[in-house]
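Take a look at the structures below.
Presented sequentially are two complexes of chain A, the first with chain B as partner and the second with chain C.
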Partner chain A sequence: MLFPWQLQDWQRLNAERARLPNAWLFIGPAGTGKLEFALHLAQSLLCEQLQADYQPCGHCKGCRWFEHGTHPDFRRLSPQTDDEEEGKEAKPGRKLPLIKIEAVRQVIEFAHLTAHRAGQRIVVVEPAENLNPAAANALLKILEEPPQDVLFLLVAQAAQRLLPTIRSRCRQFPLSAPSPAQALDWLRQQGVSNAEAELAHNGGAPLFDHDPVLAKLRSQFIDGLGQPTFASILNLAELVDKQKLPLAIPLGWLGKWLHDLAGLSLAGIVRYHPEQQAVLQQLVLRCDPVALMRCQDALQQLAPFGQHTLNTRLQLEALLMDYLKIFAGGRQG
Partner chain B sequence: MLILQAERDALLKPLLAVTGIVERRHTLPILSNVLIEKKGGQVGFLATDLEIQITTASADELPGEDFRLTTSAKKLQDILRAIPDKATVTLEQLDGRLTLKAGKSRFNLQTLPAEDFPLLSVGSASDASFTLPQRELKRLISQVQFAMAVQDIRYYLNGLLMQTDGNQVKLIATDGHRLAFASADVEATLPKAEVILPRKTILELYKLLQDSDDEINIEVLANQVRFSFGSTVIISKVVDGKFPDYNRVIPLDNDKIFLIERLTFLHALQRAAILANEKFRGVRLVLAPGKMSILCTNSEQEEAEEELEIAYQGGELEIGFNINYLLDVLTNLPADTLQMAFGDSNRSTLVTIPDYSNFKYIVMPMRI
Partner chain C sequence: MSYQVLARKWRPKRFADLVGQEHVVRALSNALNEERLHHAYLLTGTRGVGKTTIARILAKSLNCETGTTAEPCGECSACRQIDAGRFVDLLEIDAASNTGIDNIREVLENAQYAPTSGRFKVYIIDEVHMLSKSAFNAMLKTLEEPPAHVKFILATTDPQKVPVTVLSRCLQFSLRNMTPQQVAGHLAHVLEVEQQSFEPAALALLGRAAAGSMRDALSLLDQAIAYGMGEVREEGVRAMLGAVDRRYLFVLLDALAAADGPRLMAEAEQLAQRGIGFDSVLAEMAVLLQQLAMAQTVPAAIADDEPEREALFALASLIAPQDVQLYYQIAIHGRKDLALAPDEHAGFNMTLLRMLAFHPAHAQPDSVAAPRSNTAAAATRPAPVAMPAQPDAGVDGSAAARALLAGLGNRKPASRPAAQEPGTAADAEPEPAAPAPLAAPAPAQPVTPAVSAVSAVAVAPAEPVVTAPAPAVIAQAAPSVAADDDERDDEDETELDNTAPWDETEAEEAMPAYAMAEESTAVDAAPYQFDGDWGGLVTQLGTRLGASRMLAHNAVLKGWSQSRLELAVPDSFRHMATRDYQEKLKTALAEQFGHTVELVVTIEELGLETPAMQGARHRQEQLAQARICLENDPVIQQLVRDMGATLIAETIQPVQEL
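Presenting the complex of A and B:
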């Protein structure tokens, strides 16, 4: 599927079809449909009855298999597939963070066998920055000179986080992010309630997991943050713990809230919570910038353990105590 | 709706021929299924693992309408095996489920749509097509398959090179330490063609081939190879790569040559191998006029020594090998007498069968 804001990119790509490279590297911000773009390209290359404008037909054998995820000439390298192969149920929020070398070796084996159908063989690597160093190095040789009719499509948020040796073997293709208006339009079409707030909260990237339960929880959490008292803080930690959320989610919410606090106090800009502008304004008056930075530091230190089995409640309470301290000075003075 | 009625064996036999390649656990669920297709009286079974596709047809004509469906190969096979020999099996299909009845037993199986089954698109035929007795092909494969590499990073070694040239078919396998070559004459004039057959195809084909004079037809297609024998057809993908030039590794000027009884040599090596180093598997051969000593030592300083009398009058030589590479060739050769040709302790050794140019085995020495 292509998103409305990707039509121009699609045209730009089609102009280069005559000289497709051995590997594309699609780059763009998170949540703007990079993977969907790469998959759309893969489907169009595997479609056996290509339509005008290189659009896949959607009903030939190739397209059917592709849509069911069973196309024999298509492989996807991503952390999740690794998890599935080991036979474990992928738990939400706890996917394996890295693409490992075994998965890459399987793909290399796949690429060296001739095609199942008469067409091309496509490998999508997503997200490419999650290749661990061994896996990335194992991929180098085949990426540089893949067998005939094998095409690699890499998807990454930031090219500089890839090995330079990987980067130099791919043709880079920056994908455009949607304009705020496009993103809002699309969200409304999808029937997302409260589209502006959600879009702002996700930093303008429209493809977030829209989960009404989580959204409600988040607004409760944010409301709690808006009234920094000792009792409400403890309630917040309990609220999150009850839902068995991984630590990463409340950390993300708190991080964005702190970002807005800092942004408002230093530059007068609110990025993630425009609807809470008034509350933020009140808080900023009482806020101690040094304590704010300290709280942000504490959050950064905790961030790598977002998927860890630390005691969520304990960690969150400790962090929220730091958060309270931001306003402690204000109350005294 | 009733779709098929047949005796158990009419279904089980062709099913067993195709289920060998079905993998129990695969990322694509449909690959654990078998495609059953009835077309004009013949019931065909088809299975694939994305490397090989095997089809067979039932021997007898069966009444009933045409249909196509896929269902779990393993479960169907287990059910058919478990019901009595001469029982009549009926298959019924309703709402995407398959009901199998035999006597008073009744099984309800899930199906997946036949259109979702990933069929190979078969490449265009080429002129490199020939027939061999199954026994002959089986013999050829047994002489070389042990030398194929296993999961080597040089992916093109994880398979077997098949070359056609004139009236000859050649099979070559190597893992970089040893190389086996076998060839056969065929009644055809073949163009020059070469393909690398994946390891799995060879192992599967070897299992399915019978020791009979029934013929097997082999066709090299574009990017594929097709083997047809009896009512079974195997289409295999091939490895996309360049096999090393094996002619350059065959030593021509080895001068320390003698003949030796295969079984005598094999048994002596097998005894010595008991005390070979478990990790390096080294064996030392010491040649002197009239005799050959076989020496093995392991990490615990234990030693085995064997002495064989041989008809050899050349110079002395001490050379080391991986004993498994010698055991492999000695176990798999049909001949009684072998010719060993040594050069020096750093050069490869050639094993051949006297007065027979269709087999060669080259093994590299090992420094011990």
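Presenting the complex of A and C:
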């Protein structure tokens, strides 16, 4: 499936088809449909009855297999794959999702076999950042000189985070992000309630999980942050703890809130919470930028442990204490 | 046959086709021609400089049917098979996916058998840095003494990860990065043969963007051809590469210097729209800040042909040196934190906002010095620290500064040594400014950013020397130089280019030091006369005491003469009276007195007041005074009376005066 904002990219890509690389590296911000684009390309390359504009037909054998995820000439290298193999839905990220070397070895083996359907063989690596060092290195040789008719499609958010040796072997293809209007249109079409606020909260990236429960919780959380008192802070920590959310989620919310607070107080911009502008404006008056940065530091220190088994409530309370201090300074001095 | 990417199609097949790496080729060619071949080679270098390529050519040279030669024929069956990647006696092993000891064991087991068709059995072990420790060790014996028909060629980007025992058994060649010119030249050659039209300027850009790697360059070229629909135009390449010049960085830092938050954020937004990686922006920013710091401290180190020299110096005059350091730190940390932010844009914004938050205009007045507004040039010579400044010389710094300021306001030409001194003083005392009341809170910018340091000197004396605090600080620095300059009128102006920029912060610091400088010139003339004031002497020695400071502070002067001091230390500070502390104290004293001083330290309680006790008493007195002040303050009294406020007495702290 292609998103409306990707049509131009698709045209641009089709112009390159005469000169297929060994490996394409698709780069773009999170939540803008990079994976969908790569999968669409894969399907189009595997389709046996290409339509106009290289669109896959959707009903040939290749397309049907592809849509069922059983195409023999297609492999997807993602962190989830081994969880799926074990047949159980892993708890949302208790450990860092990484692509391991075993999976890469399997792909290398796959690449050296001949194709089932006499066409291309496609490997999608997504997200390429999640290749662990051993896996990334193991991919190098095959990426540089793959056997005939093997094409790698790598998907990553930032090329800088990949090994330079990987980057140098790929042809980079930056994917465009939707303009705010496009994103909003699309969200409205999907029937998302409160589309504007949701879009702003996700930094303009239209693809995110709509979870009404979580959205409600988030607005409660944000409201609590809007009234920084000792009691409300404790309530917030309890609220989050009750829902058994991983620490990463409230950390993300707080991170965005801090960003807006800092943005408004120092530069007059609000990125994630335009609907809370008035509340933020009030807070900014009492806000001490240096204490804010200290709170941000504490947040950042905790960020790598977002999926860890740390006691969410304890950590969050400690963090929110730091948050309180942002406003404490204003009163004393 | 389907399309092959340029990087693969143009992999050199002969040594003559290689770009660069002459030093390696020459060594290998000579070895091949004279048949003095090592049995194990290690090729290192960054990505895409030709490690695997050289390994393959070497394999061909060894096995070519025309004999071991530096110029393999490329036509015999061995050469053709190697090119096609199916020569039986060439084993190219991907060490990154076959990392374990078992893989290596399997390979080495076969090493003992003679080659099937070729002259040598060649093992190319690529990405060798990924082998496990045990795999490396399993290789050692074979690597040291392989059978005569076996050659090893190891290749890696990361020789640090290869154990020394392996390194010592190999002949190591490190391949150099390609220069942008080499890359551009080769790209031109490729495009001519490929019959694609191109603009040389576009290739120069690609050459720079490749950062030393030919494969990167060819991958980019592929991308550029696709982007430009078969043509390589400068404009297209520029758009494809995103930010190729650093203009946006200057805009960012300029906005930062002006504490212009909205402009900063707007610029960040633009960067996001142009699809420039924030990680690379921060990396570039760190580089630029490093150059700024260099422009401020060692201006001569900036090359004259640096393309952005003017802009660099203009910016260097806008940001205080300590702020440059701070921003550099923040940029470096920001890169690390980028991955932890909700999204990259937010992470980048936050990093910029952090810089803003610690910008002098936002920070509390007592924590950071006031924004600098002007680079008044200081002493021109890279003055060596002849006489370290004495920051706490017992003089009330601010008062002295004010007095001096008044003096300078009258344009009394400063004496030469004094004019030289500030630079030295600033060097010796790098810490941020004392909370001097002179710190001007608002940036006064009499000199536009475009004006270089030279013209700043020319302009500043022309500025009316005002008694208003803010500009006066700036102006006060300038005349002293001007005076200095007048004296040496005939000396060429280029020297002024080397002027160490200094800011008013340093100027403030320089004031007490200035006073000291005059004092110390007097001291230099006549030897130091000790008057028995141990406390005063200790304060005067200040930081020069170093580790012996504790000893000096807790000692009582028992007896003294010009060449002998007797100190008594209470028993509780016995550990401070060890020999090495005494030695240090002695050196410091000798420096002050101008001759060696005999020092006798005894452990006894005399019940007299040590400098430390004196300091503590002072603080107590100040505290008491502060409390009384606050309690008698009418506003506070009113608050207590009308609003039921309580004064938390233990939180009162007197302002520390230096």
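Operating definition for what follows: the second predicted complex is superposed on the first by the 322 of 333 C-alpha atoms of A that agree within 3 Å, B and C clash if a C-alpha of one lies under 4 Å from a C-alpha of the other, contacts with A are read in each partner's own complex, and residues count from 1 in each chain.
Here is the rule we use: contacts are C-beta pairs under 8 Å (C-beta built on N, C-alpha and C of every residue); 3 or more make two chains touch, one makes a residue touch a chain.
Just so you know, these numbers come straight off a predicted model, no measurement behind them.
In the superposed model, more residues of chain A are touched by C than by the other of chain B and chain C.
Legend: residue contacts after superposition of the two complexes on their common chain; A:Ala267 is shown touching chain C, with no touch to chain B.
Within the superposed three-chain model, A:His71 lies in touch with chain B and out of touch with chain C [touch as defined at top].
Of the two partner chains, both chain B and chain C are touched by A:Ile108. With both structures placed on the common chain, the touch criterion links A:Gln148 to chain B and to chain C.
In the superposition on chain A, contact of A:Ala118 is made with chain B only, not with chain C.
Once chain A of one complex is fitted onto chain A of the other, the partner contacts of A:Gly226 are absent, as it touches neither chain B nor chain C.
Of the residues of chain A, those at positions 108, 148 touch chain B in one of the two structures and chain C in the other.
Residues of chain B touching chain A in their complex: 25, 27-30, 50-51, 115-116, 118, 120-121, 123, 155-156, 198, 223-224, 237-241.
Listing the residues of chain C that touch chain A in their complex gives 2-3, 5, 7-8, 46-48, 85, 94, 96-97, 99, 126-127, 129-130, 157, 213, 215-216, 219, 222-223, 225-226, 229, 261-262, 264-265, 275, 277-280, 337, 339-346, 349-350, 352-354, 356-358, 362-364, 367. Every residue of chain A that touches chain C in the complex is listed here, in rising order: 15-16, 18-22, 29-30, 101, 104-105, 108, 134, 137-142, 144-145, 148-149, 157-161, 164-165, 167-174, 176, 203, 205, 252, 255-256, 258-259, 262-263, 266-269, 271-272, 289-290, 292-293, 296, 300, 303-304.
Contact residues on chain A toward chain B in their complex (touch as defined above): 61, 64-65, 68-72, 81, 84-85, 87, 108-109, 111-118, 147-148.
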